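The chains carry the letters A, B, C and D, assigned in the order they are written, with residues numbered from 1 in each.
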Amino acid sequence: MRKWISLSLLLASFVLMSFTLNKKKKVVFFGDSITQMGAEPGGYIRLMEDLIKSENQTNEFELVGAGISGNKVTDLYMRLEKDVLSKQPQIVLIYIGINDIWHKRLAGTGTDYVKYTEFYDAIVKKLQAANIQVVVCTPSVIGERKDHSNEQDGELNMYSNWLRNYAKVNQLPCVDLRTEFQNYLIANNPSNVEKGLLTSDRVHLNAKGNQFVAEAIWKTIKDLK
Amino acid sequence: MRKWISLSLLLASFVLMSFTLNKKKKVVFFGDSITQMGAEPGGYIRLMEDLIKSENQTNEFELVGAGISGNKVTDLYMRLEKDVLSKQPQIVLIYIGINDIWHKRLAGTGTDYVKYTEFYDAIVKKLQAANIQVVVCTPSVIGERKDHSNEQDGELNMYSNWLRNYAKVNQLPCVDLRTEFQNYLIANNPSNVEKGLLTSDRVHLNAKGNQFVAEAIWKTIKDLK
Amino acid sequence: MRKWISLSLLLASFVLMSFTLNKKKKVVFFGDSITQMGAEPGGYIRLMEDLIKSENQTNEFELVGAGISGNKVTDLYMRLEKDVLSKQPQIVLIYIGINDIWHKRLAGTGTDYVKYTEFYDAIVKKLQAANIQVVVCTPSVIGERKDHSNEQDGELNMYSNWLRNYAKVNQLPCVDLRTEFQNYLIANNPSNVEKGLLTSDRVHLNAKGNQFVAEAIWKTIKDLK
Amino acid sequence: MRKWISLSLLLASFVLMSFTLNKKKKVVFFGDSITQMGAEPGGYIRLMEDLIKSENQTNEFELVGAGISGNKVTDLYMRLEKDVLSKQPQIVLIYIGINDIWHKRLAGTGTDYVKYTEFYDAIVKKLQAANIQVVVCTPSVIGERKDHSNEQDGELNMYSNWLRNYAKVNQLPCVDLRTEFQNYLIANNPSNVEKGLLTSDRVHLNAKGNQFVAEAIWKTIKDLK
């Protein structure tokens, strides 16, 4: 008799567990060094987990970092199978583009605008073919000056314009980090400095920047159906 | 007796002529291909002469083109003696900076921001040492999109910020072409195209662009004391 | 009776045809504009067919062009499935690298050395997984000066060194176009001009260049087991 | 009588001193960071003084460093008056070109080949107008690989070709550092490493490199009439 009870309990807990496990949405954050650092303690992914906890939704979401330093859209395309599809996520947030632009200047090895859009679209198509919900992100900043006078603002705006329109046309949620950063800097950068507000070095997020991105992305992720 | 009269008249007319000649202010336009083309028929310098004529000031100004295609600030520095100082102008308008930025992308041979400011200042100092009045110009555009999404808008804004401040600190008149173009494009480029409004090819002025620049510069030049 | 005979003949011819068809080795040439133009009349692929015909091996080889203008190694990786694997070739010759280097200077969008090797290796692995024989090619030239004074000779040599070693380590046949061009130019470019011997514009093959490449590749292809 | 003697001695020593002073040839080394470091203890200029001493020619030469980090040919042109002509040297050695090429890749701000030649020639002309003997130097290395596979070998060779020919046509002594380095590396770099033989970082001279350059330049300087 006892045996039956314990067995039933065991089964019940398995059922509950699997129910719980199934309910958790796995979100993969697919990106570059900003996302690689975002998965470390204090990073935006870890801070988003705190937000999730504070809203008692810990059982709803599992956050997985898939960022690699120096990555461009072509690198994401190459490691899509191994680093994302194999993890069978429900949601993938793509946060890529800064190196595609930055490396034009740094090393002559950025990504052509048209190629950027082609590889980006190819990634989205493959994710959708695996029934994964895609969230688009515009590239934040390379330099924090608020008056469009950072060296590569023009290209960041150009690529962001495409991303916003692509998200709209394809009905994908879009975390418009570029606009959110811009608005924050207009309000908070009176002396027009090029770093130190949300980034430590013009590109990589400092503590405040990680918190800022965590909140910006969470606003979108939490409401995904 | 008659002889004396005709001689007196002759002398008088010489005096008048030389008076007239002395009164003409010689303005040298010192720049790149935009200014080289500005000196050709239909160019902004020739159109400015029409404005001068329509305001009956033909006897006041002599306009001289000194633009050479592909020039950067370093080239102006090198040919300052030969092409400008030797002409003994009263006024020099410096319109340089587009190639300094553009060639970074075109050929890897633009001008570092700090070097740009150093050579620019060295040119101004030499002109002032020759008692020449200097007029500063901000670089117009590389691409006519109105929303800061032209590839090199960031650098054009960065270099223009320096020029505006340099003019202010050194009490030089400044024709802020960059801002004037920007305002015109916001008002007149609803579909956000990258060329065809004031330029033919994103950089070089079309007929309307030459007229626009002629008027913008004339507003400043006409009031110089 | 006749019926049987004609039927037998029909069957026999089918068998022969299928035998013939099966015997033909399909070779896909995978590359950039040089290969795209190589598939046009007078191009190196078409000239190689003439060589094949003159050696009575028309029934042995089927040559298929898969070159697209402007392509880099990342583009080949993206269209590998659609443009190569889907055609089920026995042999694939990869002729890529010039734009990966050239575009560093042209547009700031070349391919980092390490990324080049990673994408290249990923392509080879996928081809080998489909039992396809891979032939490696070193990039020919960007400029025909013979004394290592073409602007991007250093990088062409650097990437070629990697390709030669990669081919050796992985026991892949390698058509060393770079060395063959170099040797030809040392012998035939006494005035050290930068184009007009094997190329029309420093990069794309002229008639002689197409013939030269056809012969160089054919030497390797004809002997593949 | 004594008075006369001491006066005569005094005069004689003045004459001797002035003779000695006049005899010393002042050599200015005009260049970039390599030359700036060359003027520090252990640098090539200081080591050349040791060579001069060992050959008992200390009274013949006075060596003056005029190198500034990051300089290109345009910078030398700008500071020619202040840093060279004002010092009234008999000899000026120009060692410039590495940043003109390197910065194309580093920052998009190198010097066009044609502009390099124009500014170089303008510097030489100004030095010659001041009766100064000019010594030309080819740029050493950006990377020490011996097989023409350093990223920017092509351009270093291209600019060096021009310098060698310019020196020849204008009958200027030329210290062909590029060729001397190349020969040294072919003999001494069996594993084809990119730094550590004559440079510490592919460009700047280590102790051995400073000694090497001191000797190479001294060979030419010592025999100047």
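One rule holds in what follows: contacts are C-beta pairs under 8 Å (C-beta built on N, C-alpha and C of every residue); 3 or more make two chains touch, one makes a residue touch a chain.
In this text, all values refer to a predicted model and were calculated from it rather than measured experimentally.
When subunit C is laid over subunit D using CA atoms, the rotation angle comes to 180 degrees (nearest 5).
At the interface between subunit A and subunit B, over half of the residue numbers appear on both sides, which makes the contact a same-residue one.
Computed from the mean C-alpha positions, the centre of subunit A lies at a distance of 47 Å from the centre of subunit B.
Each chain gets a centre from the mean of its Cα atoms; for subunit A and subunit D, those two points are 53 Å apart.
Averaging Cα coordinates per chain places subunit B and subunit D 40 Å apart.
Residue positions of subunit B touching 2 or more other chains: 104-105, 107-108. Against subunit D, in their complex, subunit A makes its touches with residues 105, 107-108.
Here subunit D touches subunit B in the complex through residues 74-75, 77-78, 103-105, 107-112, 115, 118-119, 122, going by the rule given at the top. Of all the residues in subunit D, the ones that touch subunit C in their complex are 104-105, 108, 143, 147-155, 157-158, 161.
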